[in-house]
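Chain nomenclature is as follows: A, B and C, assigned in order of appearance, with residue numbering initiated at 1 for each chain independently.
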Amino acid sequence: MPVEQIADGRKVWQKRNRREQLTHWASWFAGVAVFVYCWQQISESTTWFFVWDAPRIAGDILTRATPPKWFYINELWEPIWDTLNIATLGTLLALCLAVPTAFLAARNTTPSTMIIRPIALLIIVSTRSINSLIWALLLIAIIGPGVFAGVLAIAIRSIGFCAKLLYEAIEEIDQKQVEAITATGASRWQVMAYGIVPQIMPAFAGVAVFRWDINIRESTVLGLVGAGGIGLQLSASLNVLAWPQVSLILIVILLAVILSEWVSAKVRGAII
Amino acid sequence: MTTALDTRLGQPWRKPPFIKRVWLRWSVAAGAVLYLIAAIASIEVNWSRVYEGLDRGAAFIMSFTRPDFISRAGDIWDGMLESLIMTVAASVVGILISIPIGLGAARNIAPLPVYLVCRSIVALSRALQEIIVAILLVAIFGFGPLAGFLTLSFATIGFLSKLLAEDIEAMDRVQAEAIRATGAGWMQWINYGVQPQVMPRLIGLSMYRVDINFRESAILGLVGAGGIGATLNTAFDRYEFDTAAAILMLIIGIVMVLEYLSGIIRARVQ
Amino acid sequence: MHWAPPVSFPCPSERKENALLLSLKSLTKTYRTGDKALVSVSLDIPKGQVVALIGPSGAGKSTLIRCINRLVEPTEGQVLLDSVDITELSSSGLRRERRRMGMIFQEYALVERLTVMENVLSGRLGYVGFWRSFLRKYPQSDVDEAFRLLDRVGLLAMADKRADELSGGQRQRVGICRALIQNPSLLLVDEPTASLDPKTSRQIMRLICELCEERGLAAIINIHDVALAQMFVQRVIGLQSGSVRFDGPPTALTPDVLTEIYGEEDWQATIRKDDEEDAEAAVA
């Protein structure tokens, strides 16, 4: 196919034949056109005067933000504790809800593929698609601001994430081990406890730690919408343009993120 | 053999514990319990407020049965379009920039100084939460989608470069060496020896990143960086749950479409 | 005569009791794709008899075994175990009858991440309640029996090792213990030696047959190694395209019969030749 015979009988080798080449170039052209359109739209709604002024503003903010207001840290201990709790309790709650959802969603364990599996998949996709900040906004509108709303927001956002990875792990288990346990005369629950659960334990532990790491990051900003944690201080400091406080908070957040990544890497290494 | 059996018969059997050392096992368990108690105790829940909220919660869930796309159709349309525009532009730019940085962050093909610079860019981008970057960029560049676009591009670089670099570091040496042995130059070597090995995964990850970028673009509006987030925030503030439900359904729908598309594309490149 | 009849290894010795244990009545399995895996198979197996089931891959050996304990639902026909019709049972009745049928698998099918002891005790799942099994609080009699069985197959020292730390032969021994602790009257054995080397294969086959002898168990053994089957069993059943083509003592397996089961091939090499292999077997 890629070798073509041209008029004088010679053979020419090309990577693609003519049709493929045409569609190839057409799709590139369409892609570039879409990108140019998008760029134009962004450019239209931008005040370029500010952009040209940006280096000066950035420099200005930087001089205001340094040095960080170190002793402000004494007011941050409690928000840091709250942030840790939001992430940890949120992850635990999410796991409690994600495990049954995953079993209902996995093709080999769901009680009914026609009704229950689609519902479980819908729960997974809808909780996963919506960012925890939006969940927090919603929960604050419903139950009021505070750490509790943050825990719930993190938990809801994490259900879909954890359940998706878990149900994929469940669908990949070795079916022969399940068959062997079934053949002993074990009940449905026993088959689950002996045939399936041991096989997905490593995946479960990995998912839990991985998601906890992500949740530490997310819980640092939940306060921006009023859902507790260190983000509350960040938003308060931003509102009064207290840049030295902002820079300290950013340093704390950065440290928390690095620390949580280190912890999760250690724990994952120990489990697997 | 039989004596070994005799000593075990009649003895109770227990599953060997996960943590062998007794004191460590107990201190881990006790620590976990104490932490949980302290953590739960420190959460103040205003139950009467929660109870009052249940009605609103029910109202919100009910509003999914009658989402209101109409009364704020203009705002929703503009916000969604802006989100999509930011997603596309940021994904293209982010992917283009993350390729050279990913090459630079792979220890087996980049010289040490380049490696260190690229790795620190990656580390910085991954450590900074999108929304914090957006706040800073809004402060610097002013409100609007440009800040959102830059935020998403920056986040894309951290995500893709790291995975690309890991992929390159894990690639098959023999294939790459075979190309080098033909006397190919550096660019040719990358093009023939490295690219074919990492391309399918790069495309898959890029599609996944497009998906993430769209989801993130929905919250950037909360801090004034453009997109549907601002409309959504307003809807929640005014308790217009019907409109909020409509927006959330659109987001979920678009994410599902993007996942479906990326599934098709990934299946085709592999 | 170019073919010497094999010296049958006296596995379960000639038994007097010929009471019927298992009876299959025109058992048929048609898969949803329309493939006929079993076509009206009828068999009677008396107590304590060890039967080898031979046939090419895809002949329905595996399906036949799985239809007996209904890991695969048969389409038609009856499976009578001590006159109880397995195919009619409700799920709780089925679980009760499954306890009487121990199963040993190709590639062991141990739960890899559990310990050897847990794998053996999992054979008692049909007898203990959920919480007891979940908390691993088995009755002392079960624990003792597990120790005895592990000692019998020479793996007592491995009791608290994880199953994936064991070699292939050791894992299959654990699989055998798991089947025996059920206190079954019938063993269903699916290609027990498929992933083992020739020496270990013989050891495993011998172990299974010895244990059947000791406990008076009947067994149906799926096996593709004809020579190995002839060495150990009293009766061979040949399956082809889902129906029985041969049923008789191993001595009656002639090249003609094998051609009928497997198709045209030179069978001289396959059928056991002479005594040198016997000598080898004795050493092993």
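Definition applied: a contact is a pair of C-beta atoms (placed from the backbone, for glycine too) under 8 Å apart; a residue touches a chain by one contact, two chains touch by 3 or more.
Quick caveat: nothing in here was measured; it's all calculated off a predicted structure.
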item	value
Most extensive contact between chains (C-beta pair count)	A-B
Of all other chains, the one whose Cα centre sits farthest from chain A	C
Centre distance in Å when chain A and chain B are each reduced to the mean of their C-alpha atoms	4
Distance from chain C to chain A - Cα centre to Cα centre, in angstrom	49
Inter-centroid spacing, chain C versus chain B (mean Cα positions, whole Å)	50
Contacts with 2+ other chains: residues of chain C	118
In the complex, chain C residues that touch chain B	115, 117-118, 136, 138, 140, 143-144, 146-148, 151, 154, 156-157, 159-160
Residue numbers on chain B that touch chain A, as the complex places them	35, 39-40, 42-46, 49-50, 53-54, 56-57, 60, 81-82, 85-86, 88-89, 92, 127-129, 131-132, 135-136, 139-142, 144-146, 149, 215-216, 218-219, 222-223, 226, 229, 232-233, 236-237, 239, 244, 248, 251-252, 255-256, 259
Partner chain B, residues of chain A touching it in the complex	31, 34-35, 37-39, 41-43, 45-47, 50-51, 54, 57-58, 61, 81-82, 84-85, 88-89, 125-126, 128-131, 133-134, 137-138, 140-144, 146-148, 151, 217-218, 220-221, 224-225, 234, 238, 250, 253-254, 257-258
Residues of chain C touching chain A in the complex	69, 71, 95-99, 101-103, 105, 107, 109-114, 118, 122-127, 130, 133-134, 175, 178, 182, 188
List of chain A residues in touch with chain C within their complex	174, 176-177, 179-187, 189-190, 193-195, 198-199, 201-202
